[in-house]
Structures are given as C-alpha cells and as structure tokens.
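Below you'll find the structures, each written out as structure tokens.
Okay, so chain A shows up in both of these, paired with chain B first and chain C after.
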Partner chain A sequence: MQWDYFFDQVISHRDALLQGTAVTIGVSLSAIVAGTLLGIAIGVAVTYGIKPLRWPARVYIDIIRGTPVLVLVLATFYISSAVGLDLGAFQAGVLALTLFCASHVGEILRGALQALPRGQIEAGRAIGLTFAGIFRHILFPQALRYALPTWITAAVEMVKASTLLSVIGVAELLLTTQQIISNNFLNMQFYLLAGLIYFLIDFAIEQVGRYVGRRLDRPARRTT
Partner chain B sequence: MSYHFNFAPILAQWPLLLSGIGLGLLLALVSIAIGSLLGLVVAFATRAPSRWLASLAFAWISILRNLPILVIVLFLFFGMPQLGLSLDKITSFIVALSLYTSAYMAEVFRAGLLSVPPGLIEAGQAIGLTRSRIQRDIVLPIMFRNALPAFGNNFVSLFKDTSLAATIAVPELTYYARKINSETFRVIEVWLVASLLYIVCCYAITLILRALEKRLVLEAN
Partner chain C sequence: MTPIVEVRALHKRFGELEVLKGIDLVVNEGDVVSIIGSSGSGKTTLLRCLNLLEEFHQGEVRIGGESIGYRQRNGQRVRASEREIAGQRAMTGMVFQAFNLFPHMSALDNVTLGLTRVRGMSRRQAVELADHWLERVGMLERRDHRPAQLSGGQQQRVAIARAIAMNPRVMLFDEATSALDPERVGEVLETIRSLAQEGMTMVLVTHEMRFARDVSDKVVFMDGGRIAEQGPPATLFSTPESPRLQAFLKTSSL
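Right after this comes the complex of A and B.
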C-alpha cells in the first residue's frame, strides 16, 4: 500500500483537513446548542404544557423522530429554496440538524422530568414558588442529572449526523475528505483518517460527559 | 408564499416509492439479523474470562458506536476494493449496517445479561444443570425478554439509517425521492410524501414490536 504517498498527501492537504474538522465541530456545536435550547422548550411544553401547547410539541417530536436525518437535511435544503427562503447549504444543514437535535432533547427531557416524583411540584407550590421557580430550582437541576448520559449520546449522534451535510455540499470533514480522494484516489486511507478524526471527537465528548456526570453525582451521593 | 401544491406527479411514481420502502425494510431486516447475531457474540465476549478478548469486545463497541455510519458505508464501498475486496453496493451496504448495528446490539444484550439475577444462575447450578444448559435455558431467555424494548428502538433507528444507502445509489426510498425531486421539481410534495412514508413505517414497526413485547410478558406471567 502506498503509505508514503498517503503521508505526503496528508501533509499537503493538512489545511483543508483542519478546515473541514473545524466546520464539522462548528456545525455540530451550533446544532447542539440551538437544538438543546429549543428542545428544552419542547420538553417542558410536552410534559407540563396546557393542551394547545402539549399537542403541537408531541406531534413535532414524533414527526421529526420518525424521519431519517438524511431526509430531514435534503428536505430542509430543497424546500427552503422552493419557498423562497434564501438559505445556503450551510444554514439549511444547521437548521435541519437543530430541528433533529431539538426533538431528541425534548424527548430526553420529557423522560427525565416524568421520572421525578409529582410531590416535588406540590412541595414547591406549598412554599409559594411560581412554576418558573419550581422548574428552575427544583425540577431542572434534577432532570439534568437524569438526562445527562442520554444527552451526551445525543451530542455524539449530532457529530455523526453532521456527515450528512456532505450530501448537500457543505464542506465539512467528510466532503473535504471526498474532495481530497478525488485528487489522489487514496479511498481507503483517507476514509480511515476521517473515521479516526470522527472517533476522536466523539470519544472526547463521551469522556467529558463521563467526567461531568461524576461531578454531578457527587453531592447526590453525599446526601443519600 | 405562492406555491401551488400538485401531488399528481409524485403519485404517478407511487410503485417506485413503494418498492423503495420495501427495499429499505429488507435492508433493515437482513442487517438487524446479522447485526444481532454478531452483537450477541460480542456481548458474551465482553464477559469472557480472557481479559484480552473482553477488551477486544469493548473496543469493537466503542469504535463502531463512535463512527458516523456514512463513513463506514463509504469506506466499505469505495475503500475496500483497494484491498481487493469488491462488493456490490447492496451487499456492501448490508455489511456496513450490520457492523454498525452489531455494536448497538452488543450494548443492548450486555445490559440484558447484566439484568439476569445471579440467584437464578445459582439455582440452575444447584439443580445440577451444565454450564451450557444454564446459558441456554436460563440466561438467554431472560436476556432476550429484557432486551426487547431496546431492540425495537434499535430496529427503528436502523430502518431510518437505510436512507443512507441513497448515497451509494441503492434504489431505496430516499434515492427515489431525490430522483423525483430533480425530475419533477415538486419539491415540497415529494419530501412530504417521503417523510410520511418513513413515519408511517416507523410507527408500524413500533406498534408490532410493542404487541410482541406484551405477548412475551403475558407468557412470563
């Protein structure tokens, strides 16, 4: 195998590879942050919302989660231009990933909130807190602890799903890899390299999640 | 917004869309079968007495779970021929999906194995069952029952992942949706119909598996 040639090629394309990795991280991070914020609103609406709020949130979660991410990405990309929304591939891709992330975070948060005993809301009311106060000081911190492991999994999924933006022409790591391959035909080596970079990003997220999870666990263990 | 809906050009391609979703279901079924078998082996390997084998199994799970499925698909289809292993696109996609799902299934089965109460295994030993009979008659049935809900979730995800076959031109639903999209420009309609078909299928799979779960639980009672 032409490994010498491969290493030469990696060095001569290092800027493109770094750029692609940066775009992958940027896309994933924006989608995770925006998707988490939207997802929290959806999760709260679906768990505690009044009916006219709860139903749309439920339908949103079920529709987005029932659709493959690739279809979501393609649909957002093509439909946004068809209705005259002038989104570029990058914005359409981030929008699709954000919608996807929000549905997952909404469902995760719902699961976590429903695992909390109902009596806590009543206790919060009894000491005169508003719902916003109850949510902020009682429910959310506990739900966060429950939801963290699944949220980390969702974050890893987002990085993996960002590869789908290569299909609509966003020059993230995978599309950059494909462009490099079209010059030198080192298919196997460069896909391996891309796989390694993705693995390292995802593995890092997992480890950070584990570390934060241990930190969050500590006070709980002390009191019980 | 001055968009006029016209579903006729999409409905004219209905047989293509149906054949696409049929192929997607078939890909998912074959891959979950192979992936589950492989995942079962990996799950048992994580508990092997040999530490070397156990770490190999954990590495398998960790590596495959942290790789994007699209990279695995492209690597197998475009990269393997360089090593002299050329597979046609459907076979290579099935291999990719099976490997990917084997890691998730291994996690599911591993959790199932951990949930088998040790007392039942000891009870088996007490009445003089051999090691293989304990595994076959006690551990495996309990493990499968515990694993069923997570298995269902994995199968639905796997079915959605078959949409990636479109990137290597396997003619499943997403492939046809893109084709119809570029041929008719009925952009909104075609993606609405495609998503709806996926949603209906995912929902149907969930319902079937839930019914199956209920029956198995009743049997246990």
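Right after this comes the complex of A and C.
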C-alpha cells in the first residue's frame, strides 16, 4: 500500500472530506431532532389520543416503519417535485429521514409509555394535574429512561441511513468519498477512512446517550 | 355541622353492568367514614367517583358544596372541562392501595410536585410545607430517598404526606394497607389514626374491621352496589340489622 500517496490524497481532498462529514452530521442531526419532536407527538397521539388522532398516528407508524428508507428518500425527492413542492435534494433527503425517524421514535415512546403503570396517571390526576402536567412531570421523564437505549440505536440508524441521500445527489460523506475515489482509485483506503468517520460519529452519539442516561439515574433530582 | 361530601342518587355503570345503584351519602366536616363490604360491592368505585377517577352516569357528588364533574348545558348533562375537573380533584386527597409514588422523584419531590404545579407555590414554600408533612408522617429523614429505597409502609406514609400537603377538604383512602406486609400495616394505620384525631375529614375503604370500628364516626356497609346499612360503629358492629351484614361480619376477623 502506498501510504504516502494516500496521505497526500487525504490532504489535498481534506476540504471535500470535511464538507462531506459536515453534511452527514447536519443531515443526521436535523433528522434526529425534527424526527424526535414529531415522533413524540405521534407517540403521545397513538398512546393517549382520541380515536381520530390515534388511528392516523397508528397507520403512519406502521406504513413508514415498514417502508425501506431508500424508497422513502426517492419517493420524497420525486413526489415533492411532482406536486410542485420546490425542495432541493438536501431538503427532500432531510424530510425523508425525519419522517422515518419520527415513525421509530413514535413507536419507541408508545412502548415506553405503555410500560408505565396506570396508577401513575391516577396519582397525577389525584393531586390535580392536567394531562399536560402529568405527561411533562410524571410520564415523560419515566418513559425517557425506558426509551433512551432504543432511542440511541435509532439515532445511530439515522446516521447510517443518511448515506442513502447519495443516490439523490446530496454530497454527504459517502458520495464525497466515491467522488474522491473516482479520481485516485484508492478504493480500500478511502472507504476505510469513511467507515472510520462514520464510526466516530456514532460513537459520539452513544457517548452522549450514556451521559444522559447517567444524568437520569442520578438520585434525588430536583424537578422544580 | 357542615357537609363536606354529599352524594345524591349516584349511579355508575361499567358497560351493561350497574355497579352503583343509587348511593346517598353525607360526610360532615371532621367525620371519619369507613366503607366496608365484600369485593365487588362497589365501595372502591364509590370512592373513586368522589375524586372523578371514575365517571358516573346519574346523580350528583358535591365536595364542599360544589357539584363536581358535570354541569348542565342547555338542559344537557355534560362533563366539565379538563381544567375544571383537575381543580375539583385537588379538593380531595387520594391515597391508593398501590401507593403510586412517582419512582423517578425523591420523597420530597413527590410531595412538592402538586404544591408547585397545582397550588402555585414557590419552591421554598413548597419544600417548607412538604418537610412539615414528611415530619408529621415520620419520613423527614428519608426525604431525599427514592420510592424504591423505601419500604411499603414508608412509601405509603410519603403518599399520605403528598395527598394531605395539598390541603384537601377530605382525604380518601382506598384500601391503604391492603398491599402492605402485615408488620407494616400498623405504622400506616397509626398515621391515619393520628390525622383523624386532629379532625381531618376522611373516607376510608378498608378491610381492617378493627380499625374501622376504632377510628370511625360512621361505618357504611355496601352490598351489591347499594348502601345496605350505615351507622355509628358501635351499633353497626354489635347489632347488625341486615342478614348480609351479619354474614359479612361473621367471615371477617374483628
């Protein structure tokens, strides 16, 4: 292996590599944040919603979760332009990943909320809290603790799924890597480098998750 | 004597099954009323109607003179808004069989949650009041413990502090000692007894016949969704009139 040549190539493409990494992180984080917020709303609707809310939420979760992400990405990209929504590849890609993330977060949250004993809601009602207060102070913090490990897994999945945006031309890390390789043919080295960067991003997400988990486990937290 | 709880012609159904078939009950200020009866007689359901954890289909419940849960709109009986119901629930304090403490919070925070979020107290006021009631139930030293670090009896005492710190008009106890180990029952009953002696208005659903006899001003015997017999404990336990109560008392240890 010609290491000198490889390092030269890394240095001369460093801007592109950094740019691609930044796009990957940006796409993933946007989709995770937006998808989590939307997913919380869907999870609440499917668990506690009145029927007209519960059914659409259930159908949403089942359909989106059952669809391959690549299909979602392509569908969002082509359907949005067909119906006159002027989304660029980046926006369409983020939207697709957000919808996908939300379906998973919704299902994760539903599972965690349903695992909580019924008496928790009743105890909250008995002290005069409205549902919003019960959810915020009693249900959500407990569900978060249950759901956190699965949520971290879902977040890592989102980073992996962001590679699929390369097919609609978003220059994230994978597409950038492929473009570099087409110039210098260092297939193995640059794919390994991309793999390492993906690993580091996922590793960072897991560390954040562990940190949050430890915070949640800390005894005698002040809640007010 | 001011009536705190007034129940009139209360009916409640679970689907086709009518579990409360017209209940009339008055609890005066400072009274301790025990509801006894076999499982399925409707006693827990009645208690849960008093703080609207159960809906009811006919009749009326008044707490402190205010009719709760439902209002008349254009001659129709409609359920009150969520916010109104939440406020009405805060007029009563409920102690559950399974304690239902919030496991992610310390004992102290279990008590302060309602004080800050419902009563609108500052954190400092709430802590001061919570400490007062935790001391009162003998749990001040454990205020920073989570429920999982407490015994059943200790958890139930924290739950009592959580309910009573809200300054309710009436305390409702739903089989508060049924889930406890036998050696833990005494400490919780003692706590309830001392609150009763201070003049707290209480309604207890209980299987502890001896306790009901000792602590109550009135005992209510429910059978098949109706109040079959009620009166002062001395008369009710020594000279039960209905054959159903006679049979019930024979099978329960006094």
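The rule we apply is simple: the second predicted complex is superposed on the first by the 219 of 224 C-alpha atoms of A that agree within 3 Å, B and C clash if a C-alpha of one lies under 4 Å from a C-alpha of the other, contacts with A are read in each partner's own complex, and residues count from 1 in each chain.
By definition in this document, contacts are C-beta pairs under 8 Å (C-beta built on N, C-alpha and C of every residue); 3 or more make two chains touch, one makes a residue touch a chain.
Bear in mind the structure is a predicted one, so any value in this text is a computation, not a measurement.
Chemist: Once the two structures are overlaid on chain A, check if chain B and chain C clash or fit side by side.
Modeler: Chain B and chain C fit side by side in the superposed model.
Chemist: Looking only at contacts as defined up top, I'd like to know whether chain B or chain C touches more of chain A.
Modeler: Comparing chain B with chain C, the partner touching more chain A residues is B.
Chemist: How wide is the angle at the Cα centre of chain A, looking out to the Cα centres of chain B and chain C, in steps of 10 degrees?
Modeler: One gets 100 degrees for this angle.
Chemist: Quick check for you: in the superposed arrangement, does A:A22 touch first (chain B), second (chain C), both or neither?
Modeler: Touch status of A:A22: no partner.
Chemist: Looking at A:F199, would you say it contacts chain B, chain C, both, or neither? Reply first, second, both or neither.
Modeler: Once the two structures are laid over each other on A, A:F199 reaches chain B alone.
Chemist: Which partner does A:I79 contact after superposing on A: first (chain B), second (chain C), both, neither?
Modeler: first
Chemist: Regarding the shared-chain residue A:R145, is it in contact with chain B (first), chain C (second), both, or neither?
Modeler: The answer is second: A:R145 touches chain C but not chain B.
Chemist: Measuring by CA atoms in the overlay, how small does the chain B-chain C distance get, in Å?
Modeler: Once the two complexes are overlaid, chain B and chain C approach no closer than 24 Å between C-alpha atoms.
Chemist: Going by the contact definition given at the top, which residues of chain A touch chain B in one complex and chain C in the other?
Modeler: Touching chain B in the first complex and chain C in the second, no residue of chain A appears in both lists.
Chemist: Going by the contact rule at the top, pick out the chain A residues touching chain B in the complex.
Modeler: It comes out as residues 1, 62-63, 65-72, 74-75, 78-79, 81-84, 156, 159-164, 166-167, 174, 178, 181, 187-189, 191-192, 194-195, 198-199, 202-203, 206.
Chemist: What part of chain C is in contact with chain A in the complex they form?
Modeler: These residues of chain C touch chain A: 51-53, 82-83, 86-87, 89-90, 92-94, 96, 98, 100-106, 108-109, 112-114, 116-118, 123, 126, 144-146, 159, 162-163, 166.
Chemist: Considering only the defined contacts, which chain A positions touch chain C in the complex?
Modeler: Within the complex, chain A contacts chain C at residues 117, 119-120, 122-123, 125-131, 133, 137-138, 141-142, 145, 216, 219-224.
Chemist: Would you pull the chain B residues touching chain A in the complex into a rising list?
Modeler: Counting only chain B, the residues touching chain A are 1, 3, 62-63, 65-72, 74-75, 78-83, 160-164, 166-167, 174, 177-178, 181, 185, 187-188, 191, 194-195, 198-199, 202-203.
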